[in-house]
Amino acid sequence: MILENDLVIIRYSDRVYIKRVKKGESLNVKSHILKYDDIIGKEEGIFLNGFFVAKPTLEEIVKYGFKRETQIVYPKDAFYTTIKLDIPSCKRILEFGMGSAVMSAIILKTMKEDAILYTHEENQKAYDNAIKNLKTFGFLDDRLKATLANYNDAKYDEGFFDCAFIDTKEPWEYIDKLHKELKPGANVCFLVPTYNQVSKLLESLKDKFFVYEISEILLRKLKPNPDRLRPEDFMPAHTAILIFSRNINHSC
Amino acid sequence: MILENDLVIIRYSDRVYIKRVKKGESLNVKSHILKYDDIIGKEEGIFLNGFFVAKPTLEEIVKYGFKRETQIVYPKDAFYTTIKLDIPSCKRILEFGMGSAVMSAIILKTMKEDAILYTHEENQKAYDNAIKNLKTFGFLDDRLKATLANYNDAKYDEGFFDCAFIDTKEPWEYIDKLHKELKPGANVCFLVPTYNQVSKLLESLKDKFFVYEISEILLRKLKPNPDRLRPEDFMPAHTAILIFSRNINHSC
Amino acid sequence: MILENDLVIIRYSDRVYIKRVKKGESLNVKSHILKYDDIIGKEEGIFLNGFFVAKPTLEEIVKYGFKRETQIVYPKDAFYTTIKLDIPSCKRILEFGMGSAVMSAIILKTMKEDAILYTHEENQKAYDNAIKNLKTFGFLDDRLKATLANYNDAKYDEGFFDCAFIDTKEPWEYIDKLHKELKPGANVCFLVPTYNQVSKLLESLKDKFFVYEISEILLRKLKPNPDRLRPEDFMPAHTAILIFSRNINHSC
Amino acid sequence: MILENDLVIIRYSDRVYIKRVKKGESLNVKSHILKYDDIIGKEEGIFLNGFFVAKPTLEEIVKYGFKRETQIVYPKDAFYTTIKLDIPSCKRILEFGMGSAVMSAIILKTMKEDAILYTHEENQKAYDNAIKNLKTFGFLDDRLKATLANYNDAKYDEGFFDCAFIDTKEPWEYIDKLHKELKPGANVCFLVPTYNQVSKLLESLKDKFFVYEISEILLRKLKPNPDRLRPEDFMPAHTAILIFSRNINHSC
C-alpha cells in the first residue's frame, strides 16, 4: 500500500518521475494532474488518468533516484556484471571507485547477509554523494565498509577477496595489489569506457589475470505499440566496455 | 582448492570445457594435454600449458553444464532480468515454463533464504531434465516448489506472487490468472522470441499490466588481443525479446 | 575553388552547416566566426579557426540540404539499397513514393546516362517539396519522369521496369501490379518502418516475389579521439527495415 | 532469358550457389534436384521445386563468385562507402590495396564512363586473383589502371585524385603522399579492422585530413517468416571500421 512519504515511481507516456508522496500535493505533466491524495492509501500499480504509479524497483531507484556526481554504471552493465560475478556466492567483495554508488547498491541488494562489501572512493565529493545516495534510499547497513581512499592506500590480507568490481580510470595501476589480495581464481570485472584503456589493461593483466570475456552490451528497446511494433528511434551507442577476468594462482 | 571429483571449468584458447576431475585422467585439446593429477590439490586459477582451470561460475554452470532439452535463456537475458525483477527483494516468485532450468537456477542463487520459487513445467521430458540439471549442480533446496503442470492448472491465492518470469509460447493465455494471482504492482517479465508474439502479448496485457520496457540485448564481445583490439567476428543476432510490465491494481 | 554563391558544407566540432557563401557574410558558432571573404577564392578543404569548409558531398546535400516534408530515407539505408539494387545496371527504374526525394537524388546520381527514373508521389505537398529539393541542388534532368499520382493510377507495359524501390505505407496494395510491370527477376526493395508491415508484406509477396534478404542496418559511430577512442554516446536505434526481393517469372 | 553458359544465382532455403548452366547438368541440394535443362531458355526469376534461379546481382557476383585471396570488403561496408565517396562524381579514383577486387568491381560498376580507377596491389598472388576475378565476371575495361606495386612506389601529379579508398595494413605510411596527390577537399575512406589502427591512423591524419566520420556498420537480418518474424540467430559482429576524411587544402 502506498502511504504518505512513500517513494513512488510515476510514469506518464515516456516520462518517468521518482517522488515522495505528500498529502495535498500533486504532479503536473503537460497539463495532466496526478493528485497524491488519490493514490495515498491505495495498493500500488495504480493506473489513473494516464499515470502509472508504483513503488520503485531497484533499477528505478538507482537510475532515477540516485544523484550523479559522475557517469553512472548503467543498469544493463551493472545487472550483467552482478550475476556474472556471482555476487550471491561471494563473502568478501571488493569495489573501487564507488562513483555514484549504483553498483554498490546493486551489490548490497544481491549479496548474502553474511557478506561484506569493501568499497573505496578517493574523491571526497563523489564519496559523500555515494554515501548519501545509499543512505537516502535505504541501502546502508553493516555489510558495507566504505573507505574514503584510493584502493592502493588500503591494506588487506593476501587472498582476502572473493571477487572485485573495478571502475577506475587507470586500472593497470592496481594489478599487482589485486593479484595479491584476491583469492586465486577470483572473478574480477573491470569497467572502462575507451578501447585504449582496454588495450593497456590487457597488457597489464598478462600472467596475473586470465581474461575470459570482453563485452559491450547494446540494449535496443521497442516501442510498446502492438499495431506498429518497432524499435525506439535512438539508443545509447556506448556506455562501457566490461573486461571479465580471473585471478591466476600465484604459484603458476 | 581443487579436489578430486570437483567440477572445474577448463579454458583453452576459444574452447571451454566443464569437467569433474578424476585422478589419472586428462583432457586432450589439439594434442595439448592437461593431466588432472597436475591440478588436483592446487588452488584454483591454474594457468598451465595454455589451459586455464578454475571452479565454474554460476554462468559457466548453466551455460556449459546444464543439459538442454529446449532453447535456453541466455545469460545476457537472464542476468538482466534477474536484477530488473529485483529477485533479492521478492518472497514468492512465479516462473513458467522451466525450460532447462537456467532461469530457475539463477533465481534460486539470487533470491533470499526465506523466499520461495514456484516454478511450472508441463512437459515431462523438459521437467525431468530441468530438475536433473538443478540437482546435478547443487541448486535443489526447500525454497523450490516445482510443479509438473501448466500454470493454468495450478491454483494460488489472489495477490500471492511478488514477481514473475514467464517463458512460454502463448503467454496471452495466462493474463487473467496472472493479473489475479500477482500482487498489485508486481513486476513481470515475459520472454518471447518473435515480434508477432510481442504484438499479440501487448494486446492481451491492456488494462491489466503496464508495460514499461521492451528490450533486446545485443552482446558484442571483443577479442582479448591488446595490439589488435577488435570485436569477435560473429555474435548472436537474436535470442529473445524481453517484455517488462507491472500488474495493475484491480481496483483501477 | 570556392566561388561566391557556391554551396559549401561547414563543420565545426559536432556541428554541420550547409550554406551558400556570400561576400561580406559570415557564420557565427559559439562566438567563433568564419568570414566567407576568407574562403571565397580558395581551394576547398579549408581548415580555419576550427572550421572545416568544403563542397558538400552527395550525402551532405541530401542530409543537410534537402527540406523534409516526411521522414527521410537515411543515407545508411539509401546507400546500401542503391548498390544492392545495382542501379548502375538498370535502364528503367521504378520508385514510389518520393518522400523528400533523398532516394530519387541518389538514384539519379548513380544511374547511367541512358537510364530513366520513373518516380511517383501522390501527396501534392510532398511532391512539390521533392521536386524543389531536386531542382535546388541540381538533380533535375531529362532522365527523371516524376508523376504526381499513386503508382496504382499510373500505367506501364508488362515487364517494363528493371528494378524498383518502394517506400510506401501499404506496399501490399501494389503487389499484383508490380509483379506484372516488373521484368522477371527484377530486383525490388521495400522499405517499411514496422515489424507488422514486414509480416503483412511477406504474406502478400508469396508466389509473386522471392524474398532473399530482410535487413536492418545499425550504424555505430566512433568519436575521432585517438587517445580516448570510443563510440559516440547515442545512435539511431531504428530507421527502417529493408525487404529485398526478386520478381518471380510469371510462368512459374 | 537464361541461356546456356549463363551465370546464375541459385537459392534453396538458406543456401546460395553461383553457377554457369550447362545442358544436361544439374544441381543437387539435400536430395532435391534442379535440372539446368528446365531453366535454360526461360526468363529469369524461376521458382521451381523450392529453387529460385536468376541472373546474379552485383552483390551476388562479388560475394559468391569472386575467389578470395584475402579478407574481402563486405557488401555492407563497400556499398556504404561507394556512395559516401560519391563515386559517380569522381573522375580519377585512387584505390589500394585491391585485395580480392570486391571494391574495385563495385567502383567500376558505379563510376562514370569517362572516369578512371587507379588501383594498386603489391602482392603478386592477390593481384593475380583480383585481376582474374574482374576478368571472369566482366568488370575489366579501359577505365581500370591496375598496378602491381605499393602505392608509395607509384607516382602521380599533385592534386591528381578526386577521391580514394584505402584498405591497407599500415595506412599511416601513406599520408604525406596522399595529402599531396589528392585534390584539396578530396573524400577519402580508410578501412581498417582494429581499434589500434584507428588510433594510430587518426594521429597521422592530423592537420592533413579532416576526419568527419568513423563508422562501424552492423547488419541484422530477419528470417522471412511472416508468422514468426524474428532476426536470424547469428550475425557478423565485426568486419571493418571505416574512417571518412577529407583532404585539407595545403595552404591551410
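So that you can tell them apart, the chains are marked A, B, C and D in the order they are listed, and the count of residues begins at 1 in each.
Just so we're on the same page, a residue touches a chain if its C-beta (ideal position, glycine included) is under 8 Å from a C-beta of that chain, and two chains touch if they have at least 3 such contacts.
Just so it is clear, the structure is predicted and the values come from calculations on it, not from any experiment.
Interface note: chain A and chain C, two copies of one sequence, contact each other through mostly matching residue numbers (shared numbers exceed half of all numbers used). We define each chain's centre as the mean of its Cα atoms; on that basis chain A and chain C are separated by 42 Å.
One simple way to say how far apart two chains are is to compare their mean CA positions; for chain B and chain D this gives 42 Å.
A separation of 21 Å divides the Cα centre of chain C from that of chain D.
Multi-chain contact residues of chain C (touching two or more other chains) are listed as 195-196, 199, 220-221, 227, 229. With chains as nodes and touching pairs as edges, the resulting graph is complete, every pair of chains being joined. Of all the residues in chain B, the ones that touch chain C in their complex are 195-196, 199. Taken together, the chain D residues at the contact with chain C in this complex read 11, 42-48, 52, 54-55, 57-59, 75-76, 78-80, 82-86, 88-89, 106, 109-110, 113, 183-187, 195, 198-200, 202-203, 207, 210-227, 229, 241, 246-249, 251-252.
Residues of chain A that touch chain C in their complex: 193-196, 220-221, 227-238.
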